[in-house]
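As structure tokens, here come the structures.
Shared between the two complexes below is subunit A, which pairs with subunit B and subunit C, respectively.
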Partner chain A sequence: MSAAAPLPVAALGIARLRLAIVLVVLAAWEALSASGLLFRDVIPSLLKIGAALGKLLASADFYGNLGVTAGEISVALLIGGTAGLAVGIALGANRFLSQAFESLLLYLGPTPKIIFFPVMIMWFGVGPGSKVAMGVLSCFFPVAISAAAGMRQIDRVLIRVGRSFRATTWQMVTKIYLHAMREPIINGVRLGLGVAIVGTLLAETKLSNRGLGYLVIQAYALFDMPKMYALVIVLFVLSIGVNVAIGRLGRGVGTK
Partner chain B sequence: MLNSDASAPAANALLAVEHVSKHFPTPEGVVTAVEDFSFSVKAGEFVSIIGPSGCGKSTLFNIIGGLLGGYEGRVSVDGATVSGTHPSIGMVFQEESTFPWRTVLDNVAFPLEIAGMDKAGRQERAAHFVALVGLQGFERRLPAELSGGMRQRVAIARTLASQPRILLMDEPFAALDEQTRLLLGDKVLQIQQELKQTTLLITHNLTEAVQLSDRVLVMTYRPGRLKRIVDIDLPHPRDSEVVSSEAFGHRVAEIWHDLREEASRGIAADEARVLRGGHRP
Partner chain C sequence: MRLKDWARSRNGARAVGVTATVAFFVLVEALIRAGLVNQFIVPLPSQIIASIPRIIAEEHVLDRFLQTMQEVLWASVMIAVVGISIGVLFFKFRGLRLACESWVGAMAAAPIVLLYPLFLVIFGRSATTIVMIGFVAGLAPVILKTIEGLAGTRAVLLNVGRSFKVTPSQQFWKILLPAALPSVFVGLRLGLIFAMINIVGVEFLINFGGLGQLINELAERYDLPGTYGAIGFVILTSMLFFDVTARIERWLRPVE
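Moving on to the complex of A and B:
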């Protein structure tokens, strides 16, 4: 990130340090597991987790549930992101609307959405519907808040250029606003995706009949700790992967 | 050569501004930015409006361009009253206004895209105007790769591509250095002659106003009124060499005589405002 290129020696040092931390944690884990101090399988050995991971990745059941969760999150992001974008643009473009509603958005944004879960279950059932609703509720706010802030950062002269050529509102949005706001929008979507994953998975662990969250809580209920850890690892890797992908996307279009 | 009577628009006027006034409410009371301003521009003419900072030039620019409403008086093109933005009037802004995410060609094609022209047609026309401002070979470049002067040429080409009957520019060279400004002035003048483009330029730069214009309108410091019209009877075609001629010097001196009073009033007013602890409206 720094302007000057870091010395290769420092880079190597950082890589070594990171590797060392990982190895120390793994070794401590394994030692704790072998010590027998804890109740069986609360800390299963790495080999057991590895085997469970292999079995998990080979099972069709896993991919079916992964598909359900991924589908829920995608639909949630699509609905919540589009709604957030539309509301954010409207608030950013109109001072009256912004004064009327933006504080509401800022206060509602950080509240824990899980409290609405019982309502969502009543409205949309125990299946994927209520999970999508949780995801939508979660990701709407960061996208809307970022889009509203992004609208206000747009260089005013670009808006005047659009108006001077008599662009319609739709043309202003698609040809000027969305391009000029690309960075805040991508940041909003990244935050939105993060909380959509949280909202959806959390809902799945509470009450559901499908999805990765359901698998995790099922493994927990059956005290299949190696499988639970394997699922947690998979979820972590997938979340990190999605975040990295969106970050790359942001940088890729940001330079163009 | 001097003509102070401009209240009635000429019969052959393409653009006519009649008795335009604009007031702004500010914390320190109502400020009259423009007061009873009248003038007209004939087809093919190059007219400049010059005035000290804060005289309401930009207000007038926004009124004529249709971006600012709520004024008294009338703006008309070919006798028809204009309110709001109008396809006959193409604006070039003082600020950096190219779209940074669009290539030079796509920037210039923007108004054609807005108007719904098909892709082949707009690319062809945009390429023509890119070449007209001397940027052929840069079509695929992004604004960030160009110099400030080149970007301002892109902005001018973009407005020209919409083929307005009147080109309205607000200090388009203000952010450029003096040499670039003179050379770009040459370019603008050459294009203006080639297209017989009716042009209204808002500026605070004396050299620029005299170099480019057929007539210069001098504006008073707040409220902005028309102080005097100076005909620039220097021969055409002109280029930046004209700035070293004796006749050029005379015109500049003549305008400066008027402008100086107004600029001094502007500076005095600014000083008084600072002493009062007020803010610049």
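Moving on to the complex of A and C:
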């Protein structure tokens, strides 16, 4: 096997190749839908999915539920992000604290947060509070870990300059730390937002009567497959879109 | 070593971390016993510890642990085989890589676990659904890291191979793959962590399988100490999994 062999489709161009792949996938989907190999409507035709998507985007109910989910995620990101940032800065600034407590963050970070949902229901009830709490719990860890790592990467000269001017802790945080660690913070927020979306939506699918997660599980319960596919498409586009937007924002901020 | 010096050392910091964690649980116990925290929401830590032998014996925790691990194992095998194969394919055909790599990156950021109602429809409420979610969730990092590892092979190694007139197959098995192995394993480790998080999460959500189902069942029975104990068991399992994979990754990393 040769390293990076010249591709046989170079002339076709990447855009054309992408288009070809998309067309092949869509044709395969349509063929599978028409084949009858799977139960009826498990793989609905693209026309049905398109119609369901149009209907979904035209309904006021969808936007109401989108607003609920977006509100829960925003509050979760605000609380979890702020708490994560504060803990990350404290751990990154103090070697002793880092050695004492950072392993807890690193170990708890990769645990599946949805298992805490029964506890969150007991603490915050079955309403939006428990969903926000799930989002907070999910996004706290990536933001804190990223902020702690970012703190350790700050140029020591900047810190010494701040200290030589006898800056207070608050001034050090707002004038030096936050400016010097923009990129790690934005990366942490990006990761945190991704997991906050997942945590909140999963909680909505488990126990809720509002939000996009609730709509998905309702579509499943009613076996309205075209609507479920439409919702999944919308969720994926929104999640990936927000992720890309924050990434671009980070690059924009970083270049200023 | 004086006590003050020891307290500032790495071991001293760790001891402080452990002591602070234990002190936190002692404080929670005291607050509950004093009636300041409702014990019908937060059970006594001593009750949680006492519940562990009970849930191990009566709820067959070890069997459930093995069931979850079996699902993780199946997902891991599929992730390794399919992920590495796709990575190698993308490396070999550069056009395909340029066309699809950003899609794989987007897939890594996508909330795959939200597809679980869709997988339920296709595969039913079974272990297959859980394994497939774990597989899909863990695939993207393996593909990306395999490409990165193969593409990062040092030119001098490839030139040595060429000077020995190795066949393409020999070049792959004797040079490219060993050189890419550390990076591939980083991807595998990330993939396995994603798979495990999603597998336990989906077990909880669909109330089927091993440890995730146990938490759901205990919560539905309002067995608070048992629920907290089972959550602790999942956290311990995640920590163990995280630690073992990190050690294997360090072992595989080349000495710098």
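Following the convention adopted for this analysis, the second predicted complex is superposed on the first by the 244 of 256 C-alpha atoms of A that agree within 3 Å, B and C clash if a C-alpha of one lies under 4 Å from a C-alpha of the other, contacts with A are read in each partner's own complex, and residues count from 1 in each chain.
The rule is simple: a contact is a pair of C-beta atoms (placed from the backbone, for glycine too) under 8 Å apart; a residue touches a chain by one contact, two chains touch by 3 or more.
Since the model is a prediction, treat every value here as computed from it, not as a measurement.
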Query = Where does A:Ala58 make contact in the superposed view: on subunit B (first), on subunit C (second), on both, or on neither?
reply = neither
#### Entry: Which of subunit B and subunit C A:Leu202 touches, first, second, both or neither
second
Requested in this report: Scan A:Gln171 for contacts with subunit B and subunit C and give back first, second, both or neither.
Outcome: first
*asked:* With both complexes overlaid on chain A, does A:Arg160 touch subunit B (first), subunit C (second), both or neither?
replied: first
- Message: On the A-aligned overlay, A:Ala219 touches which partner chain: subunit B = first, subunit C = second, or both, or neither?
- Response: second
Going by the contact rule set out at the top, does A:His179 touch subunit B (first), subunit C (second), both, or neither?
first
Considering only touches as defined above, state whether A:Ile114 meets subunit B (first), subunit C (second), both or neither. second
Comparing subunit B and subunit C in the superposed model, the one touching more of subunit A is C
Note: in the complex, subunit B contacts subunit A through residues 65-67, 85, 87, 90-91, 93, 95-97, 99, 101, 110-111, 113-115, 162
In their shared complex, subunit B is touched by residues of subunit A numbered 155, 157-158, 160-167, 171, 175-176, 179-180, 182, 256
Within the complex, subunit C is touched by subunit A residues 1-10, 12, 14, 17-18, 21, 38, 42, 96-97, 99-101, 103-104, 106-108, 110-112, 114-119, 121-123, 194, 197-198, 201-202, 205-206, 213, 216-217, 219-220, 223, 225, 228-229, 232, 235-236, 239-240, 243-244
Subunit A partner, complex, touching residues on subunit C are 8, 10, 13-14, 16-17, 20-21, 41-42, 88, 91-96, 98-100, 106, 109-111, 113-118, 120-122, 150-151, 153, 158, 168-169, 171-172, 176, 193, 196-198, 200-201, 204-205, 212, 215-216, 219, 224, 227-228, 231, 234-235, 238-239, 242-243
